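When the chains are written out, they are named A, B, C, D, E and F in that same order, and each has its own residue count from 1.
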Amino acid sequence: MVYSEEVLVMETAVDDMNSEFFPYLVDRLLEAGALDAYLQPIIMKKGRPGTMLTVLAREDRQDVLLKIIYSETSTLGVRLRTERRICLHRDFLTAQTDYGAVRVKLALEEPGEQPLRYAPEFEDCRARAQEHSVPVQSVYRAAMLAVEDSLKNSK
Amino acid sequence: MVYSEEVLVMETAVDDMNSEFFPYLVDRLLEAGALDAYLQPIIMKKGRPGTMLTVLAREDRQDVLLKIIYSETSTLGVRLRTERRICLHRDFLTAQTDYGAVRVKLALEEPGEQPLRYAPEFEDCRARAQEHSVPVQSVYRAAMLAVEDSLKNSK
Amino acid sequence: MVYSEEVLVMETAVDDMNSEFFPYLVDRLLEAGALDAYLQPIIMKKGRPGTMLTVLAREDRQDVLLKIIYSETSTLGVRLRTERRICLHRDFLTAQTDYGAVRVKLALEEPGEQPLRYAPEFEDCRARAQEHSVPVQSVYRAAMLAVEDSLKNSK
Amino acid sequence: MVYSEEVLVMETAVDDMNSEFFPYLVDRLLEAGALDAYLQPIIMKKGRPGTMLTVLAREDRQDVLLKIIYSETSTLGVRLRTERRICLHRDFLTAQTDYGAVRVKLALEEPGEQPLRYAPEFEDCRARAQEHSVPVQSVYRAAMLAVEDSLKNSK
Amino acid sequence: MVYSEEVLVMETAVDDMNSEFFPYLVDRLLEAGALDAYLQPIIMKKGRPGTMLTVLAREDRQDVLLKIIYSETSTLGVRLRTERRICLHRDFLTAQTDYGAVRVKLALEEPGEQPLRYAPEFEDCRARAQEHSVPVQSVYRAAMLAVEDSLKNSK
Amino acid sequence: MVYSEEVLVMETAVDDMNSEFFPYLVDRLLEAGALDAYLQPIIMKKGRPGTMLTVLAREDRQDVLLKIIYSETSTLGVRLRTERRICLHRDFLTAQTDYGAVRVKLALEEPGEQPLRYAPEFEDCRARAQEHSVPVQSVYRAAMLAVEDSLKNSK
C-alpha cells in the first residue's frame, strides 16, 4: 500500500533580489534537510517579475530552513501550511549496461512487489555518458532495457 | 447568496517526464471527475525546468485520481490539502444569433436573480464560427449582444 | 491594404538584477519612444531564474534606448535584429455610454472602410468605472455595444 | 523574536478574461486591504494559457476582497485557506544621499536590535533618480552605502 | 547529411484577448499549413500578463496565416523574419507491441542509415493505451523496446 | 565606445523530452563554447508544456553546438539567425573584504575609463560566504562597498 506522511510547505514571494542567489539558496535548503524546493515565475504588484519559492520539509526542519530563507533572501515573511503527502514506496536496483552500472529507482505500491514504474538515476547516466562520450539518452535507454530484462526474468 | 463547498487540492511537481504526456493526463483527470486541473512551469532542483500539476476535486474522487496520477506520471508523491471554495451560482441560457444558437453561462449571486456576469460557451462559439467560416470573436460578440438584449427586455 | 514597416528588435537576458527595477525600465523605454517592451521569464545558466527583455523600436531610437538599457539594467550586451512588421491601420472613435465617453480603437484593413475589429481603450474604461464605482467589465461591455450600434447605423 | 500571524490565502484560476484587466484588479485588491497579490502563468484545460491569481489578506478582509474578485474577473469560484505567516519585524530609517533622502526598510529579528537586512524603498529611489536624471541603481547604491555607514557608527 | 531550409517566423504579443481563443487559433494555424506554433507567457507594459504567439511556416503560407491571426486575435501588428532551419531527416517504422501497432518516428543524419534517435508517436501510444486500459507509459516503453530489438537485428 | 559583434542565435522548441536532461545540455553547450544558453517555458501544440532552448555563439561554433543539441535533445530541427550584439567592455578588479578576496566585474563604455557599473562575481561571493558561514548577501555587499571606496580614491 502507498503510505502517507505530514509535510510542511513553506512559501514566500520575492521581487527585490538578485536572481543569481536562488540556485545557491535551493542548494542550501536541500543540504539542510528540505525534501524538495522549487521556484515559480510570478508577476508581483506594479508588474514586477518575481519568484515564488516553495520548500517542502518535515516539521522538525522548520527553524533551520526559515533561518536560511531569512539569511539568503530579501523576504520579510514566509507562509507555512501542513499538507498530507501520499507516497509510493521506493527501492533501487543496479542495472548493468554496456556503459557501466546505473542505479535505477523503482516506484512500488507495495514493498517487495513488482514495481509500478522505474527510472534510471540521472546523475549516474550523466557520469556513464561522460566516461564513454555518448549521449545521456543512450545510457538512459540502455538502463531502461536492462531493467526491463531483469524484471522479466525475475517474474 | 454565494455558496461554499469543500474541495480537495492535489499537487505534485514533475521533472523527469516527457511533457507530451501532460495534456492526456489532464484530460483523463477531468473525465474521472476532477473539477479542474492545470499546469505551472517551475524550476526544480539543479535548474531543471519542471511542471507543477494541480488538481481540484471532491474528496470522494481522491483514490481514483491518485491512481491516474501514479499511472500516467513519473511522480513518487502527491500532496493533498482541503480548501473551502466560495462559488457563484451558475445558470445557462441559449442566445439566438445570426450564426445559430450559442449557450451562455450566467454567474449569479442569487439563483433566479439578474446575473452578475455571463459568458458565451467557447465550444459553441467555435462550432458556429466553423459552420459559417467567420472568426470566433464575431460569434462571441453576437452572443454577448443577444444576451444583453434579452436581459434588458426581461427586466 | 495592411501596411508594412521595418522595426528594430532589441533583446537582452538579465539574471543579476533586483527585479523591482524592471517596470520602471519598461516605462522609461516607452517614454523614450519604444513601440513596445515586454518581459519573459527564463531559466539561465546554473538554473538561475532570469528575465528576457524585448524592446521594439524604430531604427532611429536605437542609441537612446540602448543608453537606457545600459543605465538601468545589469546587462553587458544587447542583441539587435531588424524585422518587418505587418500592421493593420488604426483609427479611433468615441463611444457614448451610460458611464460617459470611452475611446475605442478600430483595426482596419483599409483606411475609411468598416473596421475588422475594435476594442475599447482600457484606460478610459478604468476611469469611467472608477467615477461610477462599477466593474471595468461593465464599462467595457457598454462601449462595445455602443460601437456595435453606431457601426450598424453607419452601414 | 520573529512573530507569527494568521493569513488568509485566496486563489482562483482565470482563462476567459482579457488580461488588460489584471493590473487594475491587483491595484484594487491592494487598496482594499490585501497584504499582497500576485499572478502566475498557468496552462489550463484544453491547453489554454491562463492566469492564477493569489491574494493574501487578514481574515476580516475576506468579503470585501471576494466582492472585488467577483466584480472584476470572470471567475465562478475562489478557493480559500488559512496559513501561518512567520514575519521579521520591520522598521524604517531615512538615508541621506547626494540625491536626497531615501527611506530604507529594515528587517529585524528583534525590534530595536541591529537589522538582519535592509533595502532602500524602490519608489523613493525612483523619485530621486528622476529628479537628478541618474540611473535608479545609482540612488539605490548610494542609499545602501549611507545606511552601512550610519549602522557602523551606531554600533 | 542534415539538410537546411528557409523558414518564416511570425510573432505577435497579445494582451487584450480572452485566452480561451488561443488553442483554437493554434489549431487553425496548423491546419492552414503552419509548421509549428507555440505560446509563451510574457509581462507586457503596465504589468499585464500577456501571451506571445510564434508561428513557423514556409514563405508561401504568409498571407493565409496572417489572415487567420488578424481574424482570430486582437493584435494590430505581426512581426516577420526569415531564419534557416537545420533539420535531421525523418523516417517512420511500425513497432509491433503487445498492445498493437505503434508508429515510431526516426531521426537520421543520412537517409537510409541507422537512426540517431527514435520516438514513438504519442497519438498512437495514447490510442493503444486506451484500447487496453493501460498507462500510456507502458505502451511507449513497449514500442521503444520493439524498435531497439528490430534495429539490433537489422544490423 | 561600446563595441559590436556578430552573434549566432540557435533556437529549438522541445516537447517530448525528460526535462532532467536540460541542465546537462546547457552545461555541455557552454563548455563547448556557447556564449550563453537559456530556457523558456512555452505551450506547444495540443497544450503541451514545452521548453524553448536558445543558444548564443560565434559562427564558428555552429557545427559543434548543433551536434550536441542533436545528441542530447529530442529535436528534429534547429533554427538559426545572425544578430548584432552591442557590448560594454568588461574588466575585473579584486575587492579585498573582511571575508577575503572577491573578483568584481566592471562594465565600461570605454576601456580604461571609470566603469558604468560593477558587480561582484557570484561564485566568489558564494565561496567566501561558505568559508565564513555568512549569508552570500553579506559578502556581496562588502565587495560592493570595497569597490565603491577604491573607485572614489582612484578618482
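In the analysis below, contacts are C-beta pairs under 8 Å (C-beta built on N, C-alpha and C of every residue); 3 or more make two chains touch, one makes a residue touch a chain.
Values in this document were obtained by computation on a predicted structure and should not be read as measured data.
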* Structure fact -> In contact with subunit D as well as subunit E, sorted by label, we have A, B, C, F
* Asked: For the homomeric pair subunit B and subunit C, should the interface be classed as same or different, according to whether the shared residue numbers exceed half of all numbers used?
  -> same
* Structure fact -> Comparing B-F with B-D, the busier interface by C-beta pairs is B-D
* Structure fact -> When centres are defined as mean Cα positions, the distance from subunit E to subunit F in whole Å is 29
* Structure fact -> For the pair subunit C and subunit D, the C-alpha centroid-to-centroid distance in angstrom is 25
* **Where subunit D touches two or more other chains, by residue** => 16, 18, 20, 22-23, 26, 39-41, 43, 46-50, 71, 74, 81, 117, 122, 137
* Touch list for subunit D against partner subunit F, complex -> 41, 43, 46-49, 117, 137, 141, 144-145, 148
* To do: Write out the stretch or stretches of subunit F touching subunit C in their complex.
  => 2, 7, 9, 22-23, 26-27, 30, 36-41, 56, 81, 83-88, 90, 105, 107, 109, 116-117, 119, 122
* Structure fact -> The residues of subunit A that touch subunit C in their complex are 15-20, 22-23, 26, 39, 41, 46-51
* To do: Report the residues of subunit E in contact with subunit B in the complex, numbered from low to high.
  => 18, 20-21, 24, 41, 71-72, 74, 122, 126, 135-137, 140
* Structure fact -> Given the complex, residues on subunit C that touch subunit F span 13, 16, 40-45, 47, 50, 52, 66, 70-71, 74, 76-81
